């Protein structure tokens, strides 16, 4: 059902994250413990191709930051499908921690991370409601403008 | 009992956080899963009124950073009361993640976040003991000097 | 068995973290709830002696950042032994959140935090596999180049 919903929104899942050349990522995209899945920090990637780069408020506008956060959600969903087999295995969203690489003095981090939250809420409805923080990071891996990690419950 | 203790300390709960004008916060202040409550990042707010602004080590002294972290704890308690009905529903504190917007070269982040931890320990005693990190953030939403998220257990 | 493995690698546990002079840390190194242990942010310390200081990409090379992250893992293991009595009580690693104090424009945070992940994987094997984020922090307490917090399951 979640993938049908994505299709109706005109969206499709990117390829699951692969490490870019010369980057070693010795960790799991998703780590399941009992009925909780802890999801690693994701960014706006399609496979090993980085879709956005730079600081929000400088190279990227707030709208582009929002789009980068939505692309980050899609990359996370691709990891969840890859690990769980089906996005319908995700029963509910619990906690989101988002980081935004900000230009100096730019502090509208929630407006960017809303691109993540809005997509999750559109797809899961009430079950998508989550606690959240949106923090300005000095740097993010590979110059990504957004990185988000999350905790979800499984069916 | 917790609210009595607050009153004896001469403190009172602020109004629960409301989004300031033109800010959209599409997430929950508190998300409960089984007997754990995941609490969103809070800052020093009374309703939609921001009580502190700026960087610790520049516009704010360390003591003001400490006070901002205490005000952040009070705002979080207001959210917990709003969501749970009674602060006595919070059985124990587990984990605190605090961010401090620091002036360049200022790294005494624990001294600021202590304003949060000290209040929780004063109110909950042994049950208030928590694991913690105190990180320097490049930026925080709306120029807040402190943002704290937490995990608590419920009765 | 974990300590035997450490010895075979030629490594030994440092002294458990103590607050340096004039620093007050009113929190627990490890907070256990049911069969999960939430571990506070740790850095590269041996007792109250700080082993690395400065920004990765400026005062410290990437390799030194890697070494600082490995030293951080050892300090965390010392805390776990102190709290749990035996490192074999740690059944599996679930989630790691790493922060790196970066020089301006330095964003190779995964290469540093790999020093943490590689040691955990070497010691625990499959049970050491964890979800992870690696974030660039503006500042870290006491000028530490690396700070890592984690969640593990207990036997």
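Should a chain be cited, it is by its letter among A, B and C, assigned in written order, with residues numbered from 1 in that chain.
What we mean here is this: contacts are C-beta pairs under 8 Å (C-beta built on N, C-alpha and C of every residue); 3 or more make two chains touch, one makes a residue touch a chain.
Predicted model only: the values in this text are computed from it and were never measured.
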Worksheet item: How many degrees of rotation bring the Cα atoms of chain A onto the matching Cα atoms of chain B, given to the nearest 5?
Response: 120
Worksheet, complete the sentence: Residue numbers at the chain B-chain C contact, same meaning over half shared and different meaning under half, come out as different
Fill in: Rounded Å distance between chain B and chain C, as computed from the means of their C-alpha atoms
25
Worksheet, complete the sentence: In chain B, the residues touching two or more other chains are 97, 101, 137-138
Worksheet item: Can you list the residues on chain C that touch chain B in the complex?
Response: 23-31, 33, 38-41, 97, 99, 101, 137-143, 147, 149
Worksheet, complete the sentence: The answer for chain A against chain B in the complex is residues 36, 92, 94-97, 100-102, 105-111, 114, 117-118, 121, 129-138, 151, 153
